[in-house]
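Labels A, B and C are assigned to the chains in the order they are written; within every chain, residues are numbered from 1.
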Amino acid sequence: MKRVLETKEVPGQSPNYLLAKAQHLIDWAVNASRANSLWPMPFGTACCAIEFMATAASRYDFARFGMERQAFSPRQADVLICAGRLPFKLAPVIRRIYDQMPQPKWVISMGACASTGGIFDNYAMVQGIDTIVPVDVYVPGCPPRPEGLLYGVLLLHKKIKGESLFDHAQRRDEQPLDERGLRLPPEQIDEISEPFGNSIHQFRSG
Amino acid sequence: MSKRTIAVELATPGLDPQGRPARIPLEAGVGALERYGEPDAGEHMLINIGPQHPATHGVLRLVVELDGETVVRVIPHVGYLHSGFEKLGEYRHYNQIIPLTDRTDYLSPMANNVGFALAAEQLMGIEITPRCTVLRVIACEMSRIISHMVWLGTTSIDLGAFTPFLWAFQERERIYNLQEMWTGARLTTSVTRVGGMMADVTDDFVAGLRQFVDTYPKTLHEIDRVLTRNAVWVGRTQGVGVMTAQEAVNYSLSGPMLRASGVPYDMRRDKPYLAYDSYEFDVPVGEHGDVYDRYLVRLEECHQSNRILRQALERLPDGPLNIGDPRLILPPKSRAMSDMEAMIYHFKQVMEGVKAPVGEAYVGIENPKGELGTYLVSDGTAKPVRWRIRPPSFINLAALPKMAEGHLLSDLIAINASVDIVMGEVDR
Amino acid sequence: MNPSAEALRGTFAGAIGRAVESCGDTIVYVDRAALLDVMAWLRDTPGQQYDYLVDVTAVEYRDRERSLEVVYNLRSLERRTDLRVKVELDPRGDLAIDSVVPLWQGADWLEREVFDMFGVTFRGHPDLRRILMWETYAEGYPLRKDFPLRGRFSRAEQVRQALNANPEAHYSMEELSIAEAYDELPPDMRERLRRGERGKIPDSE
């Protein structure tokens, strides 16, 4: 089909014009269907999970954005919503859940703790889930309001609509852990986890 | 509490000679144990539930050993949400700890704020103003209502009813609006300060709360009508997860769990704080100590909270909100910006914190989940040596293996739901 | 001052240390050897009836000379009174103390938590394992004062250890009644039990 399209000359247009047009059309159809029927996998741990539930309940109702079906099994989910803080003890769990999700998959990091560790800069807490799984949308707030989460979902829609089946540079492939069992190089994890803001002032005295 | 009028058909076969609930064989009939004898240990099966499972109310992990469908042993694994709160508290001023308390039991943040503030005030010997006392009662009871609403909603989902969840969350949204009106935040309120409150309530808030108090019982009655006499609900909750009064005391259960087992102990009545003894309210007590009684106790507590809120609104006195001592409590922002002296106090408190005298204080308050204790030890500096939370749902959850033993796997879900855990507090 | 303090001194004499009052609560210091007797006496003697164990925790002070204290909050539900019992331990010495689980089942998890956070071992505890941190947590006891807030290892090392942990671990053979039937189990289950970090295999294997 590709050859047929390429050989058909259209005056004044690049020979790939029709191919590009067709790809664009396919991408548009695929992405629109993906974006508008996201099945979220709520990985709710802490306070943000309560706001997540509020978002799912009647007043905010994210079913309006195509998220009617919540997939409580990662194997039938499109988007992992990590709602709440993530201690180290839970890190292998979220990684396994992420690995079990089929492609294409996206991750929303909901709340300050999931995105950066938040106020918990201590021995127990992962300083941002992006050291464990790749993240597409960060929703700030402690916890984010339901409107914030909905905005994050809409941003994800936008991102999905920019992806392409034909250009893999715009899509993220499966990223397995490296041989050390890490997603990022250790220096980068240390850099991401560096104390910032108020947490550089944590002293016991005074 | 009203007497139950429903005949118990689906109860457990009672207790075995050792006093444990007898196992229900798959045929679920009394006498099957004798007919078939003890099952083979080799046929047991291990099932792992959680840490990511919608019916575990967070990141609880249960390793269940099953004989057929009967639970032989439950081993809860907690700690998946351990966030090091108590360690962080050693690095914070007393007022800086209050935002942390929001995030322990995030279903009733305002009550946690109150619990911590009361302990810090006892440590420093501070007497709060009458208006502040009444406002804190309002905060506590609002928290009780939203926490019990979440419990009702999620438990009914666990047992297969979706509608009460939507009703309960609608009521929560109304309280969230009120909390937002008062504190600016829906969930993480940080409403108290040591020696006062972060903000006074407006007339709109009082009017809104009054309207809520008037209309909210309607939803409660609706939930009552749907669940209390519902055959499925009754069948799945009555006689399930029984704790006797002695066991409940021995396991240090508290809150609705303790009262459902027939121990009439309520911190509000028996160790009054915030002048709770001057309010008129009843303490609902169960008779059987099963999941159904816990449901009845919590439902009735919602009504009683409503009663207390009504009385608190009646008596809300005028007058100052915070204590007068400028060394202990921040001056109003407008004064800190215009008055030199107030600015100095502001600066000192923010930079150095308020020093507490050497000593220690334990204050327990009746949180929706049970007794929330705050134990503070001070060595005379502005940061506590030890901030200990007595986590009610952690201690209640410890009785889960005892309660679930011998029940069906599906009952385990009901029992686990009836404990009313919130993992932020279990793991801290 | 709670009269129980005097009564304790009358009964146990030398085993009772000082009794102080702080913010309205009475604190009685008890010798660690006598702890279990004192607790049983407090629980069962008519007139004391401290039948409800509110909390078990521990305190370590910033002052390194001060001892680590294990704190028991007791309550009499009937008499509506509280009593706090403390046992002093040397933080650099042997942190062992008798478990009160034989008296109160509710102490089970509380003592495990103290063990997890402070490293105090409870003799006679039925199942003394870490509870909040994972089994193989190698950095120490988080609530001790010499434990840094952000842990002992670098963040990258912490992430590495966490990601390499086996999320299926923690099946502990000791707590499963299935352990006796180990040889009859299907192979996949045996394998799973073996992979558990604490899965101690019976000698026959």
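By our rule, contacts are C-beta pairs under 8 Å (C-beta built on N, C-alpha and C of every residue); 3 or more make two chains touch, one makes a residue touch a chain.
Quantities reported herein were computed from a predicted structural model and do not represent experimental measurements.
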item: Closest chain to the centre of mass proxy, which here is the mean CA position; value: B
item: Chain whose Cα centroid lies at the greatest distance from that of subunit A; value: C
item: Two chains sharing the most contacts, counting C-beta pairs only; value: B-C
item: CA centroid of subunit A to CA centroid of subunit C, Å; value: 41
item: Separation of subunit B from subunit C, taking each centre as the mean of its C-alpha atoms, in whole Å; value: 24
item: CA centroid of subunit A to CA centroid of subunit B, Å; value: 33
item: Two or more partner chains touched - positions in subunit A; value: 89, 93, 122-124, 202, 204
item: Contacts with two or more other chains, residues of subunit B listed in rising order; value: 79, 82, 84, 87-88, 91, 427
item: Residue numbers of subunit C (touch at least two other chains); value: 62, 133-134, 142, 147, 149
item: Interfacial residue positions of subunit A with respect to subunit C in the complex; value: 88-89, 91-93, 95-96, 121-124, 126-127, 131-132, 177, 180-183, 186-187, 189-190, 192-193, 195, 202, 204
item: Subunit B residues touching subunit C - in the complex, by the definition given at the top; value: 40-42, 44, 46, 48, 61, 63, 65, 72-73, 75, 77-79, 82, 84, 86-88, 91, 122-123, 125, 247, 249-253, 263, 265, 270-271, 359-362, 364, 371, 373, 375, 377, 379, 385-386, 388, 390, 394-395, 397-399, 402, 427-428
item: List of subunit B residues in touch with subunit A within their complex; value: 51-54, 58-59, 79-84, 87-88, 90-91, 99-100, 102-103, 106-107, 150, 165-166, 169-170, 172-173, 176, 186-188, 352-353, 381-383, 423-424, 427
item: Touching residues on subunit A, where the partner in the complex is subunit B; value: 43-47, 49-51, 53-54, 57-59, 72, 84-85, 87, 89-90, 93, 97, 119-120, 122-125, 142-143, 145, 202-206
item: Complex interface listing, subunit C residues touching subunit A; value: 62, 133-134, 139, 142, 147-151, 154-167
